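There are two complexes below, and they share chain A, which is joined by chain B in the first and by chain C in the second.
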Partner chain A sequence: MKVAIIGYAISNLGWDVEKTREEHVFEVAKSAIEDAGIDRKDVCTVVSASTDFLDGRTISNCMLIGATGAYLKDESKAEEDGMYAALYAAQRIMAGVHEIALAVSHTHSWIFNPHQISHYMLEPWFDRQNDLLNEITLGALQARIYMNNYGADELDLAEISVKNLRNAANVPYAFRKLHDVTAEEVLEAEMYSDPLTELMISPPCDGAAAVVLASEEVAKEICPNPVWIKGIGNACDNYLRDRDLTRLNSLEIAARRAYRMAGIEEPFREVDVAEISERFAHQELMAYEALGFCREGKGRVLIEEGMTEVYGDIPVNPSGGALAGDPICATGMIRLIEAAKQIRGEAENQVEDCRTALAHAQWGLLAQKNLVFILGDEP
Partner chain B sequence: MGLIKEKYEKTMQVEGEWNVGAYRYKAPEGYLDEFVRNFKDRKITGTLCRGCGRVYVPPREICARCFKEITEKVEVSQYGEVMAFLVSPPLEKGKVVIAGIDAVQAGFLKEGERVILAMVRFEGTSSSMILPLLNVKPEDVRLGMRVRAVWAEECKGALSDLLGVEPAFDVRFE
Partner chain C sequence: MGVVRYEGLPFVARFRWNTGKIMEKFYEKFAEKQIIAARCENCGYTVVPPRMICPKCSSKMDEKNLVNMDGRGVVLSHTVVRKKLDGKGNFIDLNKPEIVAAIKLKGADSQIFVRLGEVEAEELKPGMEVVPVWAEKPEGKPSDLLYFKPG
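Our next item is the complex of A and B:
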């Protein structure tokens, strides 16, 4: 059973937006349904994604039934990234139970400090006894391990930020756009935790996104330009203390599964564009290797040679990636939508002849869980 | 509950708190019995998986790779290797609590000093611990450097007995 993306919407990303959570979700759910050319009554199932901690209430989807259009419909919530909501929606369609599904995700980072919450993701008996540990300091540890093992330096990390933030300058909804930023500026920005400076860390912000998925039969009938889901791979690794932090093992496995399902043998040649959720600049380098775009440890060569620029051989994050704006639960879903926009030829930084696109989402401390979608222009 | 701020024309800011209170986390058996109590004898204990031979420190009760319960306990070396490190901003009294003790108040770090946290893999183990790296300047820390455990003068069998690690220059690693 094939599944296609037939409609999508991304809200403006901002800090302290003048909207309530419900309005924000309503806005994207409504425009995604309109974009798909359907009506609320055609939607069979709704999957939403957000975290209770960042919403400041438990079972936070209960208040969103009106906004997502799930009133008296089949509905569930994923306490994960929005791309997982899209995964569960796609699986419901593949199972043949539903025809059209809506996946919605949102986060209002402004209402509570997200980095305070990352401390509560740590194991409570030992790691949480140490006040200095949170997502950023752990990210710095991971960057150090990676840089030491493979000879990458601060400048390589800065180049990733430069590429993504410059790409974001053309994207109207992006949160952090710096069209003439230089590597020196990135390195001289405020140091959060050595070696990570402010511009190498994804900025939490407020945002929402929604996608409409449909079965093959329905998509062919109602949508003139559906984007097809060709491959899906998902893998979850151990807690950060028990795994090898130098590489994203779970992403490598997820990517391999997605490539196999999509029939891709040489990702570097067959994937036209990749959209990656990188919480920190070094994670993009690690993702190049895990996704098989280069050999292990050679991620820095791709950025040094400019291969991952929009005009390069394998453009990565033409939308700016998570470094340009990180509405925590919507980040992965925005990557999925940006990949779909590339296939449809609607992207702001459009890649030429784009027929196969890759989208990636991560969840958990230091990318513990990884999900990869391969999108194509034909079923 | 309280203050309502009229900040914008369209939205209001309603302040609220989410006081869920204290949790009582249940730690795995090996954590308390073997790991923390053996600190009294200045010993570091890990668990050994029968399936793959990996040693976990602090102890894990389940091996994710083998999907097996781990029951065997082993003592591990006091020496380890720095996998990664980070340097904190200058310390303030009462701000940074590590393993239940205020580093400044306890006196082993001065106010305004920087803490170096190191991800340490003790010899023969497959997991790592994040511990303060003591008695060394930040510029002298090297990745892969050999370190050894530093214990409190009087060990009571509590998590705070293990103060951190310090460079072990006397050991040559080949």
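Our next item is the complex of A and C:
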């Protein structure tokens, strides 16, 4: 059973958007349904994604049933990135149970500092006893272990931020847009935990996104330009104490699974654009390798040679990626939507002749689990 | 700005977890200035702090899997922390930056993340050997292990 994306919406990303979660979620759900050209009543199943800890309330979807239009429908919440909500929605359609699904995601980082919350993702008895550990300090350890192993340096990390933040300058909804930013400015930005400066760390912000998915039959009938899900791969690694931090092993496995399903043998040649969720600049370099765009340890060559620029051989994050705005649970779903926009030719930084797009979401400390979608213009 | 906002959690939760027998032993051994790990009988993976299920092959482990480490380790990676979170979501600038490192204890396959002391960041490099520094009168609790230092 094939599944297509037939509608989507991304909210403006901001800090303290002065909107309730309910309003924010309602806006994107309504826009995505309108974009799909369907009625709220046509949606059979709804999957939302948010986290209780970030939301400051538990069963955090209980007040959103009106906003998502899920009243008396098949409904679930994923405590993960919104791209996982899209995965579960797609699986419900693939199973033949539903025809049209809505996946919604949101985070309001303004409620409470998500970096503080990352401390509470740590194992409580030993790791959490150390008050210096959180996603940023651990991200810094990951950055340095990767750099030490493969000879990448701070300038390579800075160049990732420069590329993404400049790309974001053209994206109306983006949160951090720096049109003229230079590598020097990235390196001289405020140091949090070396080698990571402020501009190498994704900025938590408020935001929401929604995607409408449909079965092949319905998509062909009602949508003039459906974007087809060609491949899906998902893999979960161990807790970070038991992981090789020099590489994104579970992303490599997820990508391989998605490529196999989509019939992709040479990702560097066959993927036209990739939208990935890099919580830190170095994770984009690591993703180049895990996604098979280059050999292990050679991620820096792609950025040094400009290959991942919008005009390059394998453009990565023309939307600016997570470094341009990180509404945690919506971040991966926004990558999925940006990949779909590339297939439809609607992206702000449009890649030419884009027929195969890759989208990536991560979840858990230092990308413990990774999800990859391959999208295409044909079923 | 004319917006009414509600602040704060409606309650303060003091969670308590059962650490499990194995983790209890781990901290009991701190009183003797010892670090223990669990070695999986099935696949040989050695994990510290010890776990009750092998993270690699999912075999059940218990007290008979516990092995003593000599406490020595090597630095895999380090970072100088300039900003610390205060527990309430605020970043505080550290006047005296602290060093955190990923280290691998001799005989272990997993890594741990620890404070380093008695060392300058400039001296640190991957592969440097470190040893634990213990409280004067260890009592079998997390705070017994102060930090690691070169040695």
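In the analysis below, the second predicted complex is superposed on the first by the 379 of 379 C-alpha atoms of A that agree within 3 Å, B and C clash if a C-alpha of one lies under 4 Å from a C-alpha of the other, contacts with A are read in each partner's own complex, and residues count from 1 in each chain.
Criterion: contacts are C-beta pairs under 8 Å (C-beta built on N, C-alpha and C of every residue); 3 or more make two chains touch, one makes a residue touch a chain.
None of these values were measured; they are calculated from a predicted model.
Visitor: With the two complexes overlaid on their shared chain, look at chain A and say whether chain B and chain C clash or fit.
Guide: Because the two structures are overlaid on the shared chain, the partners are seen to clash.
Visitor: Tell me the contact category for A:132 with respect to chain B and chain C: first, second, both or neither.
Guide: A:132 sits against chain B and chain C alike.
Visitor: Output check: A:242 vs chain B and chain C. Expected answer is one of first, second, both, neither. What do you get?
Guide: So A:242 meets both chain B and chain C here.
Visitor: Compare chain B and chain C by how many residues of chain A each one touches, and report the one with more.
Guide: So, of the two partners, C touches more residues of chain A.
Visitor: Taking the superposition on A as described, I'd like to know which of chain B and chain C A:20 touches: first, second, both or neither.
Guide: After superposing on A, A:20 lies in contact with chain B but is clear of chain C.
Visitor: Kindly classify A:113 by the partners it touches after superposition: chain B alone (first), chain C alone (second), both, or neither?
Guide: So A:113 only meets chain C here.
Visitor: Using the superposition on A, tell me which residues of chain A are in contact with chain B and, in the other complex, with chain C.
Guide: Dual-contact residues (chain A): 18, 56, 124-127, 129-133, 137, 140-142, 144-145, 148, 193-194, 238, 241-242, 245.
Visitor: Which of the residues in chain A end up touching chain C in this complex?
Guide: 18, 56, 112-113, 115-116, 119, 124-127, 129-134, 136-138, 140-142, 144-145, 148, 190-196, 238-239, 241-242, 245
Visitor: Which positions of chain A touch chain B when the two form their complex?
Guide: 18-20, 56-57, 124-127, 129-133, 137, 140-142, 144-145, 148, 193-194, 238, 241-242, 245
Visitor: What does chain B use to touch chain A in their complex?
Guide: Its residues touching chain A are 8-11, 16, 18, 23, 25, 27, 31, 56, 58, 60, 64-65, 83-88, 95-100, 115, 117, 119, 126-130, 143-144, 159.
Visitor: Chain A touches which residues of chain C in the complex?
Guide: Touching chain A: residues 1, 3, 9, 15, 17, 19, 23, 26-27, 47, 49, 55-56, 76-85, 87-91, 98, 100-102, 109-115, 121, 126, 142-143 of chain C.
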